[in-house]
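Across the two complexes that follow, chain A remains constant while its partner is chain B and subsequently chain C.
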Partner chain A sequence: MARSNKPIVWGLFAAGGTVTAFFVPALMVVLGLAVPFGLLSPNDLSFDRVYGIVAHPLGRLILFGFITVSLWHAAHRTRTTVHDLGISNDGITMFICYGVAGLGTVLAAVFLLLL
Partner chain B sequence: MSERQITLEVLRYRPESESEPVFQSYSVPCQEEWVVLDALNYIKDNLDRTLSYRWSCHMAVCGSCGMVINDNPMLSCKAFLRDLPDHIRVEPLHNFPIERDLMVELDDFMDKLKSVKPYLIPDQPVAEEDGTYRQSSAQLKKYKPFAMCINCMACYSVCPQYGLNEGFVGPAALALAHRYNVDSRDQGRRAREDVVASNTGIWECTFVGACSEVCPKNVDPAAAIQQTKIASTVDYFKDLLMPGKRDKSGNAKQAAGDGA
Partner chain C sequence: MTNPPYIRPIPASWWLRQGRYVRYMIREATCLFIGLHALVLLVGVYRLSQGRDAFDAFLAALWSPAGQVMGAVIVLMAVVHSVTWFNLTPKAMPLWIGDRKVPGWIIVGGHYGGWIVVSAVVLFLAGGLS
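What follows is the complex of A and B.
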């Protein structure tokens, strides 16, 4: 039996799952709770400050990694969920899911470079 | 001792006389401390000698009495009547062809267990003079939970992937492969990957996790499969980046001077 080449997409999927599990709750606390409840002053998230962080080369790199692995995670999860639902057109599903993730990767790179 | 009248609705299939399985009801006077297997034994001894099912130990170690009880795959010798309603539906394990009544065909499962090379594959012969291996309790702890499987097949009965694709190696066999992969005495992971890391191996699993929920021995096959996915992904990228490191059989090359 031939070994599968799924480790490529699964590697991105696993990385995306781990990264989002750590970052999304933190983002939710900061954006959804800390700012509305006045624990952080709105100035802490002013455009200039956030832009300064994001536009820094390291900021761009981290954001690129975060966005792309999250996209690939969602793409692979959607593909397996479609399979779980018993819909057996893996070729089309793969094309759509990974196509969207691939497009998102390119767009993220372009926008972050132009920032 | 209190007695309880319980209705058992049992799926019957006698291939010589029936083309389809049908349910048959039995009213059984049960003792409070009985398990479903006791009720089946009562039927066999007193009501209907033709009922067929498998069991042996009556103490959750042999793994032969797995069946679907009120929609949950369980060991019938561990399914206490005190936890169940007065009307109980008993079916053979799902996802397997029925051989007769509550007995399913085991051949596919047995072949899968064998396919993952479930034995120690050491690189070196035993180093200790008395012919035994040394193993610390920490090393034992790594694989022991995965060694508790009694092959009851409950996990295959609930696995939606096995239901969709019977070629899938499945939870128990993959957990068994992992049990050897993480054993400090074993170096056979690469040899197992031909089956384990194929498209019908770990990669067929989409982490539904039902196997781990129903396992009567807390083996956690879902965790075994995810851990194997990580190890196989690392191996895959290692092979991609350093292709010369392996021979054709798929095993890591022996160190130089290790001939004979």
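What follows is the complex of A and C.
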């Protein structure tokens, strides 16, 4: 039987869709909008505090998983949407989408390990 | 001898013809902003690894007017993603208790409830110092 990458990628797509649906709005409010809008103090996002959270082994692991599933969710949905737009060169689309997600996954691992 | 399969030509703008197709495309397009958010995190971790000054410059860029516009668009599209994703959960994972199907609104409502709790906890923990 031919092996397919579909279950793996679809699993990452679904996991990423669910995790991002729960977390991204609040996380992006905290990171990008809360301080300029006066909801949080700049101290809440100080280097020391953020480093302390992210560089903790659990922080690194969680953030790696979170970035990874976010990227693969975006990659898979972009691939299917490109197909929906009538662009039928799925091989190239797949290579670009999953290539970017794969590269981002590796970079996330490297950056988080070097932290 | 077989001919290659006939593929009916479809204009790339097919989804502009009906409101629900447009809504479908907006839903699918949310993924670009989920990807952008992942990129922001990736850059943030990289800048964090470079030290205090680099991380402060990253935040300054994120909080600049242009950065705020990007942040607001990401948040808006992320909310569209959350709403459309949760609204599909009864179809994506129908739930049975014994031989009775759990009504869709309970599954959807449970997800919305979880979303509110998660968001409140994230905001509360983020504000730990203020």
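Heads up, the rule we're going with is that the second predicted complex is superposed on the first by the 108 of 115 C-alpha atoms of A that agree within 3 Å, B and C clash if a C-alpha of one lies under 4 Å from a C-alpha of the other, contacts with A are read in each partner's own complex, and residues count from 1 in each chain.
As a working rule, a residue touches a chain if its C-beta (ideal position, glycine included) is under 8 Å from a C-beta of that chain, and two chains touch if they have at least 3 such contacts.
From a predicted model like this one, the values you see are computed outputs, not experimental measurements.
Contacts of A:H83 after superposition: chain B is touched, whereas chain C is not reached.
Looking at the shared chain after the overlay, A:L107 reaches chain C, while chain B stays out of its contact range. Looking at the superposition, the partner that touches the larger set of chain A residues, chain B or chain C, turns out to be C. After overlaying the two complexes on the shared chain, residue contacts for A:S4 are found with chain B alone; chain C is out of touch.
Once the two complexes are overlaid on the shared chain, A:L58 sits clear of chain B and of chain C alike. When the shared chain is aligned, chain C comes close enough to touch A:A34, but chain B does not. Annotation: chain A residues 14, 80-81, 84, 86, 88 touch chain B in one complex and chain C in the other.
Those residues of chain C whose C-beta lies close enough to touch chain A in the complex are 7, 10-12, 14-15, 25, 28-29, 31-32, 34-35, 37-42, 44-46, 48-49, 51-52, 55-56, 59, 62-63, 67-68, 70-72, 74-75, 78-79, 81-82, 85-86, 92, 111, 114-115, 118-119, 122-123, 126-130. Interface residues of chain A, counted against chain B in their complex, comprise 1-8, 10-11, 14, 80-81, 83-84, 86, 88. Across the complex, chain B meets chain A through its residues 160-161, 164, 193-195, 197-201, 203, 206-208, 229-230, 232-233, 236-237. Remark: chain A residues 14, 16-18, 20-36, 39-45, 47, 49-51, 54-55, 63, 66-67, 70-71, 73-75, 77-78, 80-81, 84-88, 104, 107-108, 111-112, 114-115 touch chain C in the complex.
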